[in-house]
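So that we are looking at the same thing, I have put the structure below in structure tokens.
Should a chain be cited, it is by its letter among A, B and C, assigned in written order, with residues numbered from 1 in that chain.
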């Protein structure tokens, strides 16, 4: 069984893992064999990923940003982020003390951005988790029952896909803004609003992938051996769908972070926290745009773009490493 | 069907099993098939519209708990005023009655009353429709042309210099928040601060001082430059990516080898054979992604104070004016569904294989 | 007179991943005007690569060496403009499985007309008439002009491909597995049609197929390819019925022959797989699968020798096997001289 679920890693071109195992000659337990194959697959994956230069740049940039967000409390004095504790005068241009100048209350824009990364990344990650879980659930269910659920299953599957398509066509932003507007203000609301609106793409992708997996012989075998729907979905389909989901997840984080900033900019974000979109909204409402206070509005946008771009680069690199293998399997 | 004079030994019609329908466009069953196809699409669209209507009710009447409290939060409103508002919006009725009123209202194209403007939502929307259609239409057409053109060039030689440059630029625009790009353009080209003169207006649609149709048109065009630039920058990137990948999928197709073997030059192979095929999935995806055009319009209108539906939506959000936001939600979603219906009906003209 | 087609020492190498994979390794073919030559071999033997190489239609990852003389002019040296002019007028191709070889969103009439318009072989106002005439030649009514490929059956599509190939009255037609995807009945029709049209119009034909019996029925001469090389070449009847090379005899035996109950009752396959083109075995590449291999076969890679030559050393048939010609196993002393 584990051999089946391992097929992803092990059937990459060359198949040198098998050769290496055979050459050893010593008896190896299946578990150790599986572990060794998994380690080998992981190494090969890392090797292929590092060959993608853009993906590497994205990964490095991302690590730096995540570290910055984690250590923000050490770098930034939280008291100086309040309106009353602002250390400088309003709209100070960039200087040695305030590398990115100050905002209309005299707070350091750099500090705001460092602190804002925490909310932006958190919302980005959690909203992605919500949408990926939802999308995977719907996608695997629709795919599985569409392929092997009989007439009733096909009805379930087509209803699920109709719902997915409906959400897919709907203007994402309008729905997210509407949700954020009617639910109580807060970070949780933003996460749910984004998560509930960006899942359909994942669902479609996962469904297509599930159908491809279901067509493979080992799923047939598992069914013939009496594996129930849950067993087949959890043990056979899910592990084989995960790599695609991983790449999609990485791309979705970028979407979610942009969505968060957009909601904050439209004024339906959480007013009590500092996020990149919130800083931009504040900059606009304070009139920084028309008075050309560029240091108040350019850096937060660049930060959003940098994070989104990093995630996108990583996601595309993952996709290009994973996809040729998937194509081979079909 | 095919009488076969060349090989008399073979039974005529031996090839028939695989061949569908006789030649000639006007078989008796054809009209029926078209009618069935159209009816199917109409039914799907109608069902989606109904779902939008229900979702609108659920989102704005049920989810907020007490819509009036949500709308008047943070304002000094007496209990009597709240009651008055409730009556005015029909919120004192039982839920099923509210839903029924909402439905019958929609059938009469009555989207309720705006709390903020004290005007029927339908009228507000009709007033603002023109500017939005102008902005979104122009932006989408330019973005589609640009994206498809560059996508064809990138996808025909993937990995080439043009592909790498185009993909990098597209990825950057894809990663940038729309509204920030707009703000950036304002700071750089419109604010008149810093080193750049204020070349373009910071917002609005037309100079109030403009008189006469020519002057108004010129002023409108002038005001459109920055909003359109922002919209195009954000939307064209996805068109480019879609076109690029579907052309890449076609690149290995056998019929392209045939075209090359016929002696067509590369540009002609691409234009006459590859692009028409690659366009099919692209068109589908472009219509499927129309929702993002709506998102783009809302943000661009907000940033540039363009007097359209997007800005109306934003002003409704700020209050919050739930009646207005609800009406706009229904209108935005319905328009996207209708555009997709249009795409479904037009698609068979592009692809002979799905012709009913 | 000059040959219609003269292929000399054709090499094709694909750049793949890390190294280079040779697909065609020194192929010589010759075809007189109006003659018919069959090229046989299993999938992966390089026969379709040869077909595409003749008009330089291979992907950019392929490197071609040698000479392809089409009416005395080397296709491989041509400038792009000249090459485009030669394509379809000098040599046209009937591709395999017309399903994918026809553009699905273009009307078949337009696809047939296209090469005539491109090359200007027919005045524009006479193209529609010529399209109808071509369709008539392949047994399709002119009313089919406005159909799309998906509206036709497989056999009808193949007929369209043939009409298209004849559009510019080429001197050479290359039929690349032209009947492979069709069922037997239609296959016979299409073969008869192709053979008749080619003979009527004096067109030379290079027919590529994995099916020796198809080639035997259509061609004057046959060449058998294995792992990128021609291993036997000669008059079709002799190659098919009395093959000299062990691979050719295996291929010939793999298809039951009409009127030969023995072959129908006991069709013989060939054990094993063709060699990995990136890493061919030393000596004769067929040795691992050969029933009559000898020790010397592991070191000697024999060239094409004349089979049963006349006293002057001439023979219509050649085979690349140590069991044939002067390099029979006993004369190992001469082995050192073979490349």
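One rule holds in what follows: a contact is a pair of C-beta atoms (placed from the backbone, for glycine too) under 8 Å apart; a residue touches a chain by one contact, two chains touch by 3 or more.
Computed from a predicted model, the values in this text were never measured in an experiment.
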Neighbour overlap between chain A and chain B returns none
Maximum distance between Cα centroids and chain A occurs for chain C
Averaging C-alpha coordinates per chain, one finds the centres of chain A and chain B separated by a number of Å equal to 25
Whole-Å distance, C-alpha centre of chain A to that of chain C, is 52
Multi-partner residues in chain C (2 or more other chains touched) are none
Seen from chain B, its contact residues with chain A in the complex are 47-48, 51-52, 59-60, 63-64, 70, 171-172, 174-181, 183-184, 186-187, 191-194, 202, 288, 290-292, 294-295, 298-299, 302-303, 313-314, 317-318, 320, 322, 325, 328-329, 332-333, 336-337, 340
Per the touch rule, the chain A residues reaching chain B in their complex are 162, 166, 168-175, 177-179, 181-183, 254, 258, 261-262, 265-268, 277, 280, 283-284, 289-292, 294, 297-298, 300-301, 304-305, 308-309, 312-313
The residues of chain C that touch chain B in their complex are 52, 55, 57, 80, 84-89, 92-93, 95, 97, 100-106, 114-115, 118-119, 137-141, 143-144, 146-148, 150-156, 164, 185-186, 188-189, 192-193, 196
Touching chain C in the complex, chain B uses residues 2-7, 9-10, 14-21, 23-24, 253-255, 257-265, 268, 272-273, 276-277, 280, 350-353
